[in-house]
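Shared chain: chain A. Partners: chain B in the first complex, chain C in the second.
Presenting the complex of A and B:
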């Protein structure tokens, strides 16, 4: 490729982003400001994640991009093609083969390894945003560790719904210090935040990068008498029969028919290739034959 | 006995204008101090400086902390000051909307200070919130309603419950009965007097309503143009005013 600098961004910009990433890794959960660039895609489509990925990619990398767990949705396809075109790196849909995974709203089901980097697209990095609208005040609350307000939100959940109804972007405390928004992943994925892989979070519009180094302690906030629960739909996957993966509910007709399928498409395909079958797997294959 | 609060030469200017000047007083545990004066006399500025909402130019505010004895609040670090204002201090605003979270239920409003100092047991927090709602005469079944569904008097009582739930030792009140009709005022004053006596609270009450200080305050300071012009026991100041301005203030009250 000669038309673009490797991975689109110029070298000085990548250097600036790498410095922010190193700082973020040194202070887990702390939101590091960075000079976010205009990217050739709209805000909200992963401009932060793309910049972090661009700063981390090397020519030997194998890239995987997922959107809500799927490799084949618009956001995932377009970002994957963006890096195929501008960086010329190899791409894959297999979690195990990827060295860098950019994700929107999910953590892959397959456990990540120490050789992998997971990059999250983050819409709103500030976990206190909807509790306290003033940025000056939320910064002060972070610096003084004043996090009582997060529990007020959870209290309101229980008072109104009888349980903690926050089901995604569930706040976590990192290494006993910073409260962090894990991006809008389902709370089912929260336990997977304690991982062997490096996890980087990029928010383009809000110009913030934060990070979780490998094996760092991540605790989901809760009450003693209402402990955190990593919930999922109480079904098994209708395609691969998995009882442990996070499921999407799909309406299949106008008569109330529905099916549950793994949200992680690679996980589901790998299981089916290994011979696992769910309730509707055979009919689906006939249908597409 | 060590005074709970010792104020020395507290001064605050707004540019060239005086907010309050050279205010000194002692407040002992269990004592209620009233500050009266007309609008613009520096009452609220003084209260803001005492509570740490405003930065004073000069002077000392010594608070008798539980652990280290009297310490100057103006010299404390911000984390210390914020911790103090969540535990030992309380501030009741004139407008309950300034002191309440209007988007959070009554129970959440009362529980916020508990959670801010580390309470993490939902049942415990809720039980304490219920207890405090009943102490300020708010029905138990209103615990999950938002303050926006409450009347002005109820909002003010909720604000008081929210402030007193962590058992503070010193309460600042800025016109706590302002904007309420007289019968609601009377009940609120009754409630406040009961709570102050029962919990042994010290309080600084800013008001322009002489009836409020007559009922609640042990001692009285009269302010005019940023200066304290007269101070003494409430009954003494109100029944035998010495300063010309105090005489004017006392004689201005309409007799019904």
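Presenting the complex of A and C:
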């Protein structure tokens, strides 16, 4: 592997990103500006996560990349190949074997350990952006801890829908100070933000890095009479039979037929390998037999 | 320029700097954890760990302030040659500061960031005669229940914590070991813990 410097980015860029990561860890939930670089992929394809991963990777790492929980979707495959080519690191699809996991919009079902790093790809890092479009104002709101608007948004959900209808990118408060956008993970994943792993968030287009150190207090915003609820589709996985994992709904024909499957492909495969079977598992095996 | 100034850098920066950074990041993410690093040696009396931090974190964009305990013509030339960072005369301009605890005081002179940009604060690299997981009790983000670290003094770190989200972040170095105490950590004298 001599065509690229290790992990693609030059040393100067990595130092700049690394300094931002250290400050992000020192002030959990605060978005540190950084000089995001052009990457050989378009904005919106995980350039922030890729830059954070590139600044953290060591040759001994075993990398896993997931997109909405799946290891085999375009974004995950292309980023995994990118690091295989530019860093020469080992890759895996097994959550338990990975040392660094880059993710788009999911947290793996299996609990992460203290030796793992989770890197999120973030599209819009600012939790107040859709409530207040001006960066000068949102920055002031963060500095003054002026977060009433977020609660108004959640209250309006209740007024219109009878419940908090926000189902992803559900705002959290970190260590009682900063309101943070956990990236568009389903709110089902919010409780997993309090983790033993180091969690780093990279937003390439918006040029922000933020972080959650291990065991950091992360509280999903709610009301006393409308407490936060980590919801999921009220089904069990049709392949592995799990009743506790986050599910994707898949349309399977033109007659309204549908199935629910684990969004975390590694979790689902591990369960099936252990002999768990869902409603449609047998037919799928016959199909591929 | 003599040979001593040009030696002591990483032999293979693209590989050694990420390994060193992972240790520094883990230390900052888990205050109190002591990690070992290798690969760099600045002129005496700078420790291996402090030398590694200078190489991994400093560049022409980060002014460095050297306390009297460490300031020397050799070290200034080493920093200039290996990192390109400028050595500044005023603590208030520094992004990084290096020295022993006593010579780095008082902490009030460093940049602590602004309410809009709390990240624009200094990081202090404190050289220690000893670094052990004993003494002051650490609690806060990154720590499961509590940790212990032989920080030199508790009171200034408590003042620093009271500034949160502003404040200074600290690396403590001794030989090839390093540990970190970010501004988010609550430091308590062990005598006060019931």
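Everything that follows uses one rule, which is that the second predicted complex is superposed on the first by the 289 of 289 C-alpha atoms of A that agree within 3 Å, B and C clash if a C-alpha of one lies under 4 Å from a C-alpha of the other, contacts with A are read in each partner's own complex, and residues count from 1 in each chain.
Simple rule for what comes next: a residue touches a chain if its C-beta (ideal position, glycine included) is under 8 Å from a C-beta of that chain, and two chains touch if they have at least 3 such contacts.
Owing to the predicted nature of the structure, the values given are computational and were not obtained by experimental measurement.
S.K.: Based on the superposition on chain A, does the combination of chain B and chain C result in a clash or a fit?
M.R.: Taken together on chain A, chain C would fit alongside chain B, as the superposition shows.
S.K.: Counting only touches as set out at the top, which of chain B and chain C does A:65 meet: first, second, both, neither?
M.R.: neither
S.K.: Figure out whether A:223 sits in contact with chain B (first) or chain C (second), or with both, or with neither.
M.R.: After superposition on chain A, A:223 lies in contact with chain B alone.
S.K.: Going by the contact rule set out at the top, does A:12 touch chain B (first), chain C (second), both, or neither?
M.R.: second
S.K.: Which of the two partners, first being chain B and second being chain C, lies in contact with A:89: first, second, both, or neither?
M.R.: A:89: touches no partner chain.
S.K.: Figure out whether A:57 sits in contact with chain B (first) or chain C (second), or with both, or with neither.
M.R.: Touch status of A:57: second partner only.
S.K.: After superposing on the shared chain, does chain C or chain B touch more chain A residues?
M.R.: Counting contacted residues of chain A, the larger count belongs to C.
S.K.: Pick one for A:151: touches chain B only (first), chain C only (second), both, or neither.
M.R.: The answer is first: A:151 touches chain B but not chain C.
S.K.: Once the two structures sit on chain A together, report how near the CA atoms of chain B get to those of chain C, whole Å.
M.R.: 11
S.K.: If you lay the two complexes on top of each other, which residues of chain A touch chain B in one and chain C in the other?
M.R.: Common to the two interfaces on chain A: residues 140, 144.
S.K.: Given the complex with chain B, which residues does chain A contribute to the contact?
M.R.: Checking each residue of chain A against chain B gives 140, 144, 146, 148-149, 151-152, 155-156, 158-160, 223-226.
S.K.: Touching residues of chain A toward chain C in the complex: what are they?
M.R.: Those residues of chain A that touch chain C are 5-7, 11-12, 14-16, 18-28, 30, 32-33, 55-59, 114, 139-140, 143-144, 175, 177-178, 196, 198, 211-217.
S.K.: Applying the document's contact rule, which stretches of chain C touch chain A when the two form their complex?
M.R.: Spelled out, the residues of chain C in touch with chain A are 13-15, 17-19, 21-22, 24-26, 28-30, 56-59, 61-62, 114-119, 121, 123, 140-144, 164-165, 169, 182-184.
S.K.: Give the list of chain B residues in touch with chain A in this complex.
M.R.: 78-79, 82, 101, 104-105, 107-108, 111-113, 115-117, 120-123, 125-126, 143-144
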